[in-house]
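Following this line, the structures themselves.
Here subunit A shows up in two complexes: once beside subunit B, once beside subunit C.
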Partner chain A sequence: MSSASLKPAAIPLQDPGPTPREHAAVAAAITACRDLPGALLPLLHAVQDALGYVPSASLPMIAHALNLSRAEVHGVLSFYHHFRTSPPGRHVLKLCRAESCQAMGSVALEALAKQRLGIDYHATSASGGTTLEPVYCLGNCALSPALLVDDELMGRVTPQRLLALLDALESGS
Partner chain B sequence: MTVTVYVPADSAAVSVGADAVAARIALLAQQRGKAIRLVRNGSRALFWLEPLVEVATPAGRIAYGPVDATQVDSLFDADFLGGGAHSLRLGLTDEIPFLKQQERLTYCRIGLIDPLDLDDYAAHGGWQGLQRALALSPAQVVQEVHDSGLRGRGGAAFPAGIKWKTCADTVAAQKYIVCNADEGDSGTYADRLLLEGDPYSLIEGMLIAGLAVGATEGYIYIRSEYPRAFRVFNEAIARAGSAGYLGDNVAGSGRRFGLQARLGAGAYICGEETALLESLQGRRGQVRVKPPLPAHQGLYGQPTVVNNVVTLGSVPLILARGAAFYRDYGLGRSRGTIALQLAGNVRCGGLVEKAFGLSLRELLHDFAGGTASGRPIRAVQVGGPLGAYLPQDVLDTAIDYEAIAAVGGMLGHGGVVVFDDTVDMAAQARFAMEFCAAESCGKCTPCRLGSTRGVEVIDRIRTGVDPVRNEALLRDLCATLLDGSLCALGGMAPFPVLSALDNYPEDFGLAR
Partner chain C sequence: MLSIAENDLGTPASESDLLVTLDIDGRSIRVPAGTSILRAAALAGSTIPKLCATQMLDAFGSCRLCLVEIEGRKGYPASCTTPVADGMKVKTQTPRLGTLRRNIMELYISDHPLDCLTCPTNGHCELQDMAGAVGLREVRYGYTGANHLDARKDESNPYFTFDPAKCIVCSRCVRACDEIQGTFALTIQGRGFDSKVSVGQNESFLDSECVSCGACVQACPTATLSEKSLIELGQPERSIVTTCAYCGVGCSFRAEMKGEELVRMVPHQDGHANHGHSCVKGRFALGYATHKDRITTPLLRKRISDPWQPVSWDTAIAHVAAEFKRIQTSYGQHAVGGITSSRCSNEETYLVQKLVRAALGTNNVDTCARVCHSPTGYGLKQTLGESAGTQDFDSVRQADVVLVIGANPTDGHPVFASQLKQRLREGAKLIVIDPRRIDLVRTPHIQAQHHLQLRPGTNVAVLNALAHVIVTEDLVDTAFVEARCEAPAFTKWRAFIAQQQNSPEALERETGVPAGQVRAAARLYATGGNAAIYYGLGVTEHAQGSTAVMAIANLAMATGNLGRAGVGVNPLRGQNNVQGSCDMGSFPHEFPGYRHVSDQAVRESFEQAWGVALHDEPGLRIPNMFEAALDGSFKGLYIQGEDIAQSDPNTQHVTAALSAMECVVVQDLFLTESAKFAHVFLPGSSFLEKDGTFTNAERRISRVRRVMAPKAGYADWEITQRVAQAMGYPMNYRDPAQIMDEIAALTPTFSGVSYARLEELGSIQWPCNAEHPDGTPTMHVDAFVRGKGKFMLTAYVPTDEKVNARFPLLLTTGRILSQYNVGAQTRRTPNVVWHSEDVLELHPHDAEVRGISDGDWVGVESRAGDTVLRARISDRMQPGVVYTTFHFPESGANVVTTENSDWATNCPEYKVTAIQATRVSQPSDWQRRHQAFTEQQLELLGPARTTRP
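== the complex of A and B ==
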């Protein structure tokens, strides 16, 4: 596990709890998923699909619904790279770091993205436009280098195409 | 006359603009009063030609590619609907050498059909394996898979028939079939292609497995990095269910099989079968100690067959054509065909399904056509991020599980990633350790801590800090990982590191 994915989901002593919007999304996910076998992953996906993240403050709700301890839910939430506990930017950009993309120049693309956005991985640009994440293989290895922007895959990414994409993401279009 | 035009909807094709091409074709056909039927097929997996547009003509399907949306007007001007001449015209798709030289068995329908069209599937040989399986006893089905020589295509190459028999012989009220579609290896996309391009073949394979071992529930675990595959496969499950192939009465047989797709969450380790089972149960994807084998105590402690997508996708054909048909391909203990995936710095990247026995050199020269950069090949990583980096001088090795292992490599899931002579192998070795650190489940200390220490030791060697002693330390660390890890992640992460060190010491500043 990378240190960044071990973000503590600490709950402050004066816990305000989830916001009404968070509460509604989590409650809906609980209703939809609680009867599934092995419900926790589908439930966390449903929450993140609705909100873009899984609020730490909703852990007690989820734990209670599934008859788990808060520690168990936190353990699962922090184990998987896909889940985040804070809101992302307007777009999530995942750059492939794996070997096939490296063979086609992805290391330069990583440097370019970090420089243009002024951030490292697991962070959001100052404009709030783009959250940058690493990913290890998108299964597009014959068209390397590849990236995933939100749920859309891009192949044969060149520095020019990446810069154009970053401009679009940052300008909000 | 209505002309059928094919534009792939596969993720890879879409990643280079297939949707825009399809939209432009539909628009221009309407504007110019041409009657077309636009089919969004899977990909033929000739990826350097994507987006690959095909037109059905009386002589066969004619291919044009790679097509950019801005070129669609000129295709219409050249009467591509009639197979007209154009600079992008590639001739008959089936005659493209990359495709013609293959032996596509498991991937026989890929790119040919509309992936979600049940009639198209049935018209191209679909459900024949299921029909035969329903006519046989469960033990006969297991025997057929055993006799075919099929081995697990996920990487471990364990004989599928033995796994099935172990599960079939275990008495339990509930058994499961789990399909491992957590295809995390860099350089591989065979699972994704089948999920998106021929999903019913996988459903059929899982149904047959269920009949064979007495399992009534199935799960498929698809990685979250494949959002489109997850959507397509869920739609396939819904349609197969509506058509009566899933549920309480499979194809009118009175037998039950229920199937659910589950989404992973970005953990490489969940491709390991016991970690996958933990994840399906809603837990952290931490590896279990074996024994007990999943075939004895797997999902929720019940007997479970866990097979890869390609393994299960090969089963319908084995049942339909018989074990001998499949076994007659290949050599030695590697029977049937292997789906090799050309990736990285290759001129012609794509899926090559061939009988075992092709050499790596033939694969890289005859199929891949060398590097995309035009520079010499320096290293080839076979079998994903845990596979060894193989140098030029072993490229004549036959592609066969045992032969690749004999030169220190691993065929794994069949990914072949090519690097040209600009690669820094010390950086690749460092990355292997970094990847292991990022993806370790944390259960075994050598993997959890050793991977981070490995990055540090390699950094010291690369910066010239006491290189000879640090090399010895790195080798010692690798031996600890190899011997002290429960699963393949810690147990094999040293392979790329050691192979880089052995074959390319100059990149570390060490004497050869």
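== the complex of A and C ==
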């Protein structure tokens, strides 16, 4: 996929590229976003929304579509913690670590979540049920401490509510 | 590491004419508006500490070391990103600034390996310098915290290492790759403490899109990116400005030396052709100069089947003279001749043609430009009046529309391509006319507005169709044509080009280019503002090469795109001195300065200066020499730095002609393909070993300076001089400067050129004479050299080289970035990691119907011969067209090409050969014979390779 002159043009043989499912999702995101101004971020969001992650193997496709280099796409993708390059667990739990939530007890919630799931941040529980991520301010400070589970915002989180939530996420309900 | 000899002012110069006065540390200074405070301070003599800033790159403001205080402003702005303002009062050194800078340095140093004494850039490290400048005395954080010291080193690139443990993440490398080179191979990955320089998607340099131009290595303020040669040899102690001997861009370099050893080449920031940039060849591929294959002893043999005998210079020179005299006595005065080289200097080329004309008494002298840009010389002389490009490279900065036809600048002229890409990223429009989808058509941040993907051999048809649209849609610049061009010729041309047969619709079937695309491209070229045409051998190396050059000149004249910056007709010259070798009278019909040998006044001036009678009839061109050799009337040939047995078409015809001669003298660095057919080998010198001048594609004459002694004892000009003396003709030049003085005295376009003036101006674009004492960046400004421009009729005549059932594909040939022409130099460097064999690129459809898979051996057969290459399936190609390069002799690309040639100049039609491609399992007969012959010749060379007599 490289357009560099040092390498004669060739159809890469060894690079397996994205899977058919990944390819379809990325192609759809490209079609939807390529003509937007500053298309890269909306496109990466569209891919992650569709697949839950942005496959590394799809970066050449994205770079080619937007006429960027692979390095540029990689730079943007790796800059934002929101984007991931491998599939997350069935649910993504984001705990707010910003000032207001810390003042209202989020540090204890963090410890609880890590202990219950047996993982640190940026990891997925052994059951594959939950991926734990930190987040810096969900804009829900009036209802601190807050968290985001998948697309759902939860405020006034207590240890009890968090444990109940984690049980639900881990049991697959 | 920056050059050891250049002072960096921190940010690029402002081009504003408006001047601004400000006060820096109590000193008043006037600088152009838009200048940064950092640069203004450097000009005023106040050095502000900096790390992320360099004058090669736009200001970035990330290192925060160049903070200053400005009276009346709050805070501590970064001086690199803050422009000067009238009346501004700046302080660059205060106790508060000192504290801030120390604090910043403290953080940098807390995460840096403190191995300065054993570090390759010790003494020339900007980080080390800044620690000293800010007075860093302690690191309160200690060195045991989180750090990057275990980061893995990337040594995959053959020429430089990437050691991220030493990286300060200033982004200079990333910005150099983006802004200067335009490849965008690097990025910063992650954020905060995790940020690091990433190549591609966090891969090795060798696996990435990196083109190894070295801009990042030069920009690096630490030893993170360092040349392997610097690591191995240590720091250079002196620097000599010279000119690159690869392509026609003619980049200026500082050869940084340690004694007689070249430590590294650093592109010269004041170089007018390259402005501090380079490519992988010019900066890194120098190993050939000291390669073990260099022959450093004169060699003789009677027959080409005999072993070579090492002899003294005296014996070799006497033998050459005796043989040439014997041949002239037995077969006549015109049975001998010479070939000059576009790789050698102006002075050397001038001497070879002088030797042939004055000492041998014949005009049988020709040059390798015969096989590349001879149609440029002819076509531009006919239309505009001078055999050269009309602009300087910097002109592209003012172009609004760029038309690239038959050229692949990112591979062939990479440093100019980077400049072109900068302009395209600023918004200039691009039209590409090429059978292949070259990189420029679509590459990060560049997208051609139109790619006219024509069938090989139909350039003239497409150019005529473009002109047809311009004429019939009333897009002609009538005022320009009326004022500047011959009216009768224009009227005739207008009537011709307006004929329906030249319309895009009529020619669509022939060219394969949809008429709508041609019309849109013509409108853009004619109405898009300053429009500039850049072309290469894809225009000239055709049966109608000269016609196409004239069609290009017609287009430029018709639209008024000549005579000012931003426009013009720009041949991209292939070799370092192809312009110069043509200027110096290398063609059999012309004296230096493109003046015909039949011109009595000119001839008399040379007769008087040279003290001999000269012939008034043109001599033999290279192909005529071959014909004459085969019919027995041409027996002796002196070839300086040219490898006709690999580079000229129909190899078997060339080698048969060489085999028919009695004395072939080859002066070169290596046992080249031609040298395998030679009777005398005179060891030549590389460009590092001699003084002289090269003239690049923009007519720029630049100095080549000797940085080491000639390996075989003599510079090439001295060898030619000795041959002349042995022939009984007096040549007694002290040095090349004296040769240039003679050239200037005899050539009106060079009369103002001298080594003293070159020293003063850096370089000079000819014409340089009383009228243009400082040279001529743009030609034809008020009038054409021939007076009025002349439109030439350019009827399209299809080439005789046609596809049929037996030869259904069209082969076209070209070059690749990492290798250079016949490859004698680049094949002897680590550049082979990028390209170790020539391959046949073909379209997936053509491969599929033939059952060819990527990597298969493919037999390539034409009417002239056959060879075998490995297949590379590529969607760059169009169906029916295949492509290869000619860098490796065993590829036999020119065994396949035919003797068809340009009607006016005999320039070979390399770009169109009808072939068949079939899957095969073994090399061709020619390749087996070639291999056996090569083995035999190396055997015959035997110990001579390293022996001194």
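Here is the rule we go by: the second predicted complex is superposed on the first by the 159 of 173 C-alpha atoms of A that agree within 3 Å, B and C clash if a C-alpha of one lies under 4 Å from a C-alpha of the other, contacts with A are read in each partner's own complex, and residues count from 1 in each chain.
The rule is short, and it goes like this: a residue touches a chain if its C-beta (ideal position, glycine included) is under 8 Å from a C-beta of that chain, and two chains touch if they have at least 3 such contacts.
Computed from a prediction, not measured in an experiment: that's the story for all the values here.
Q: Using the touch definition from the top, say if A:63 reaches subunit B (first), subunit C (second), both or neither.
A: Only subunit C; A:63 stays clear of subunit B.
Q: For A:127, using the defined touch cut-off, is the partner it touches subunit B, subunit C, both, or neither? Pick first, second, both or neither.
A: So A:127 meets neither subunit B nor subunit C here.
Q: According to the stated criteria, A:75 is in contact with first (subunit B), second (subunit C), both, or neither; which is it?
A: both
Q: Using the superposition described at the top, determine whether subunit B or subunit C touches more residues of subunit A.
A: Between subunit B and subunit C, B touches the greater number of residues in subunit A.
Q: Kindly classify A:40 by the partners it touches after superposition: subunit B alone (first), subunit C alone (second), both, or neither?
A: In the superposed model, A:40 contacts subunit B only, not subunit C.
Q: Which residues form the common part of the subunit A surface touched by subunit B and by subunit C?
A: Comparing the two interfaces on subunit A, one with subunit B and one with subunit C, the shared residues are 2, 72, 75, 79, 81.
Q: What part of subunit B is in contact with subunit A in the complex they form?
A: Against subunit A, the touching part of subunit B is residues 11-12, 14-16, 45, 47-48, 50, 183-189, 191-192, 224-229, 262-268, 279-285, 300, 341-346, 349-350, 372, 381, 385, 415, 417-420, 423, 428, 431, 435, 437-442.
Q: Any idea which subunit A residues touch subunit C in the complex?
A: For subunit A paired with subunit C, touching residues are 2-11, 13, 56, 59, 63, 67-72, 74-75, 78-79, 81.
Q: Under the stated contact criterion, what part of subunit A meets subunit B in this complex?
A: So the residues of subunit A in touch with subunit B come to 1-2, 37-42, 44-45, 66, 72, 75-76, 79-83, 94, 98-104, 135-144, 146, 148, 151-156.
Q: Residue numbers of subunit C touching subunit A in their complex, please.
A: Listed in rising order, the residues of subunit C that touch subunit A are 183-191, 198-202, 208-212, 280, 410-411, 414, 439, 442-447, 816-818, 834-835, 839, 841, 844, 854, 872-876.
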